[in-house]
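Two complexes, one shared chain (subunit A), two partners (subunit B, subunit C).
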Partner chain A sequence: MRRFILKRIGISLIVIMLISVFSFSLVHLLPGDPAVLALGSEATKEQIRNFREEFHLNEPVVKQYVIWIKNALHGDFGISIAYKRSVISCLSERLPRTIAIGLPALIISSILGILFGIISAVNRGKFIDKMITFIVTLGIGTPTFWLGMIGILVFGLKMGILPLSGFVSPSENFAQYVYYSIMPVTVLSLTLLASVARQTRSNMLEVINQDFIRTARANGLAERSVIYRHALKNSLIPVITTIGMQVRVIVGGSLIVEQLFNIAGIGTLLVSAVSARDYMVVQGCVFLISLFTVACNFIVDVLYGLVDPRIRKAWR
Partner chain B sequence: MSETKKLLEVKNLRTSFFFGGKEVKAVNDVSYYINEQEIVAVVGESGCGKSVTQMSVMQLVQTPPGKILGGEVLFEGKNLLDYKPKSREMQAVRGAKIAMIFQEPMTSLNPVYTVGSQITEVIRRHKKCTKKEAWELGVKALSDVGIPDPEARMKNYPFEMSGGMRQRALIAIAVACNSKLIIADEPTTALDVTTQAQVMELLLKIVETMHTSLLIVTHNLGLVSRYAQRIYVMYAGRIVESGTTEDLLIHPAHPYTIGLLKSVPKLEERQGEQLIPIEGSPPNLAKLADYCAFCPRCPYATEECRTRPAPELRSVDGKLHFTACHLEAIPEEGK
Partner chain C sequence: MSQKTEKARKERSGGEFWRVFLGKDFLTAICFAIIVIFVLAALFAPLLTKYSPFDQDLLMMNMGTSPEHPLGTDQLGRDLLTRLIFGARVSLVTGLLSSLWAALGGTILGLVSGYFGGAVNTVIMRFTDTMLSIPPLIFTMVLAAVVGGNLVGISLVIGLSILPGYIRIVNGLVISLRENDYITAANLIGQNKFIIMVRHLLPNCFASLIVIFTMNLGTAIMLESTLSYLGVGITPPTPAWGVMVADGYKFLLNVPRLAIFPGLCIMLIVISFNIVGDGLRDALDPRLRGKL
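After this line comes the complex of A and B, so read on.
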């Protein structure tokens, strides 16, 4: 198991290296001079020259990359031109808010999605299955931004039971945090919940028809053990992939949700940085989000090994 | 055959599957019994309802589309069909009193749990014992079925074992709980020939040492003729002939049994002698005619066979030999 994990860490590090190259070249591949892009067309020649000096833009690209990666390893992603402060401080200020919305959404959608999937599969063809399937289909087909707007309209404006927008940090006031994040978290989790539920349902149905389930029943095991011990663990393997892959849905969704509910998280930071051509912030955000995705993939791989002994042993 | 006490008696069992309003009569009024410490075989082609019959006894038929419509399954004096399929009482019978072994050893064990974990789970389900005791019982069961190094094998996952080994492990689960009856549904079909013989010998040994009864479901008449004391022949959801192995092999009375025997290779047969297949294919169980279901394939069928209703089982010799055929005598050269 340790060797399996070490191997996965090694692979993740290689991927992170590649990502650093990509996010570095992101800016340098853009047409035009980064200095002009950053300072705007009205900048004087003097300003541009100083800017190029300061950010080593006159050096060869490879050397620029080495400088950038060296700084990045020290947590220095450069300076935000729009905010006039270090990129890392912008990120560390905003990341907790994105996590405060994204993590509960991920957990809720995974747990509820698996639960709905099981209920649906066990009661196949009955009313409750049809109802869940209907909601799931609706959930997959509904765009996040539309759902968010309808939510604001119905629960915020018409009924007035939930706040229209805003965010309170959980460390500040937990009750207020829950009150403010009900809607964004719900909106954010729905798509993932629907796809997890659908995946779990179809996997469960497939596994329930397998021979070893028949064996388990023929050996007199309780239905509870047959479903939750024998069927579930086997059906979870593809579901873990779905969750791991759909983490990007949460990341992408947070761009929209943060914009909708006016939450100053990574999503809004990235959007405003792109429109303000605050390229070091864009670089930092992209690198951070990529790191996060790699971390998720790593967790998925380890979970795979935990759930499926065939994978665990094959990775030795 | 000194034992005469009936362990399991199935009476007029009827199980059907319903697909889009069409009824498929998989088990159509089937009755049979097995005595204590007896080895009985149920023989028939694929799709004749022999497996569904056993699944009905265990109440493992998937509902829907399947449904047990009627009959009695008497085991130790109790009608198992009185219990609900998912009831605690029925679960206490499965695995503990009646164990079932299936055709596909490769896929019949859960791939994500160790063999030991699967055996001990069943033991602990049916016996009051600690985890450690259950583990020891599991090790003993594995060594009873002839698995070398059982301690280490307990910690193996199914994918680390061969097909024969897995089938032994499945038999070990049945042995561990001291089942009174083992139903083996095509236990050797998926195995290679040498392993087949080993598994059959193992089952025989278990019957002898543990005083269990064994019901073998198979399409291989040659295989069971060496082991079974009595044989039931099934065709199109019905039992068409039953009797001692001797009766059936030497004096077969039903044209279908005669056909089966002719299609099995014999050792003493001279080279060049041909095997004779049964012409045609089994009938569609959704569209059964009122008359004898074997009629269309029967070389001895007369006009009378098509006009009279499906034949009931009748005694051939006044003893244990029964056949469901209108014909009093089959022409001798046909045998």
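After this line comes the complex of A and C, so read on.
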């Protein structure tokens, strides 16, 4: 087990290093001179030179990377040109809002997704399976931004029962938070729910076809016990990995949902930073978000190894 | 005689393919038809309408349905139906190009890493791990800003983002294939490694490749429209469905169809590609069920 964890840590570290290189090189890939973008086109040559000096833009690229990663390890990702404050303070101010929408969406979609997947697999080929499969297909194929817009049109503009946009912090007023976040959370959950349900269904079907389930049935075990005690446990393990991977989808989805419902979270920050070429914010956001997904995957992998000895063996 | 039976067998297996593919349930057939309709509309776009997608008619802004404009006009007086038809071109071409880049890169890298294994495999797999850790939407959005709003650039970026999935699948296939006796035999007689990969391993991946390609078309179209919606994809006035939804959003209360119709098109085509992909999988190689 220790060897397995150490190996996973090693791989995660390599991935983190590659991600840092990618995030860093974005500055040099994005069109436009960062100094000119930051100071405006009326800046004097003197000012531009000072700016370059301050942010080490005149150093060789490799040295710039070393300086950047050193500062990043100390929690310093530079300053936002648009907001004139440190990137980390911009991020920490917005992070709670993104979590307040993303976390409930992740929980709701995981629970409902697994439930739908099981119902669908157990009733394979019956009407209810076909219904769920159809809804899942719809969920995967519907663009999140369009779904949210239809929600706004129907529940906000036509029926007037839900707010069109905005956000209230749960610590401020919980009832208002629920009222404002019903629509964004629902929209964000749906795509994820669909993929979790699909994954659960196919895993469950695979397990149901295995020998030990046939043996359990042949031994005269009640169908309920076969499904819930034997099949479910084995089919849930890969689903946990799916949920871990879906963190990426939630992050991407928050981008759209925040934009649509006008929530000042990490997503809106990143979208505006990309269009304003606020390059240090882009660097910091991409790096930290990716770090977060790496961490999630690491935790999921280790849990996976803990639960299932076969996985540990495969890594030896 | 043997030639005859061979021919009959081939015909039967061809018929078998179509029977399983389209006959399984009518949903696959409908989705296949939808794709054909969209492709034909995209191909013959200029013949289907007398308007151009760029012609503005400011006296006819946001007009409702009329015999001249079956779906009405948009905020600049452009014919909505025309823009939807030309939008199919943008979506299909971007989807096709991105899947093509991903298929090329993914097949080559997957073959090489799977066949050689060892250090080559490790390096390629760590790169795919890294790309999979960056949320696809964020990856494409940031890089889309780098390449600008042109179609080829966007398709390259989307292709790059679906590449890791491709590499993983091909890699997994090749790893299981290379244990077969015929590959060992080819290795033993000292066959050229390139020939082993291209003539012996690649053809056995074709069924899976066709299925992933079809499914990725849907994914790519979805990504393109999302990027266009966020304003970093295809730049206006090119009629991209995502841009049309974003523009229509401003008139959501009074003229909801401006946003609804392009969204419906995206949904129809993405779902169709997914379902047809499923159907192809069952028809080409049912053993892939659950894997793809």
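Basically, the second predicted complex is superposed on the first by the 287 of 316 C-alpha atoms of A that agree within 3 Å, B and C clash if a C-alpha of one lies under 4 Å from a C-alpha of the other, contacts with A are read in each partner's own complex, and residues count from 1 in each chain.
One rule holds for everything that comes next: a contact is a pair of C-beta atoms (placed from the backbone, for glycine too) under 8 Å apart; a residue touches a chain by one contact, two chains touch by 3 or more.
It should be emphasised that the depicted structure is a prediction, and the values quoted were computed from it without experimental measurement.
Partner contacting the larger number of subunit A residues, of subunit B and subunit C: C. Of the two partner chains, neither subunit B nor subunit C is touched by A:Ala175.
Of the two partner chains, subunit C is the only one that A:Arg248 touches; subunit B does not reach it.
Of the two partner chains, subunit B is the only one that A:Ala216 touches; subunit C does not reach it.
In the superposition on chain A, A:Met159 makes contact with neither subunit B nor subunit C. Once the two complexes are laid over each other on the shared chain, residue contacts for A:Leu73 go to neither subunit B nor subunit C. In the superposition on chain A, no contact is made by A:Val62 with either subunit B or subunit C.
The contact sets of subunit A with subunit B and with subunit C never meet.
For subunit C in complex with subunit A, the touching residues are 126-127, 129-130, 132-138, 141-143, 145-146, 148, 218, 222, 225-226, 229-232, 242, 245-246, 249, 252-253, 256, 259-260, 263, 266-267, 270-271, 274-275, 289-290. Of all residues in subunit A, only 11, 14-15, 18-19, 22, 26, 29-31, 137-138, 140-146, 149-150, 152-153, 157, 202-203, 205-206, 245, 248-249, 251-253, 255-256, 259, 270-271, 274-275, 277, 282, 285-286, 289-290, 293-294, 297 touch subunit C in the complex they form.
Those residues of subunit B that touch subunit A in the complex are listed here as 58, 60, 64, 86, 88, 91-96, 99-100, 102, 104, 107-114, 121-122, 125-126, 157, 159-160, 170, 173. For subunit A in complex with subunit B, the touching residues are 125, 210-212, 214-223, 225, 229-230, 233-234, 307-310, 313.
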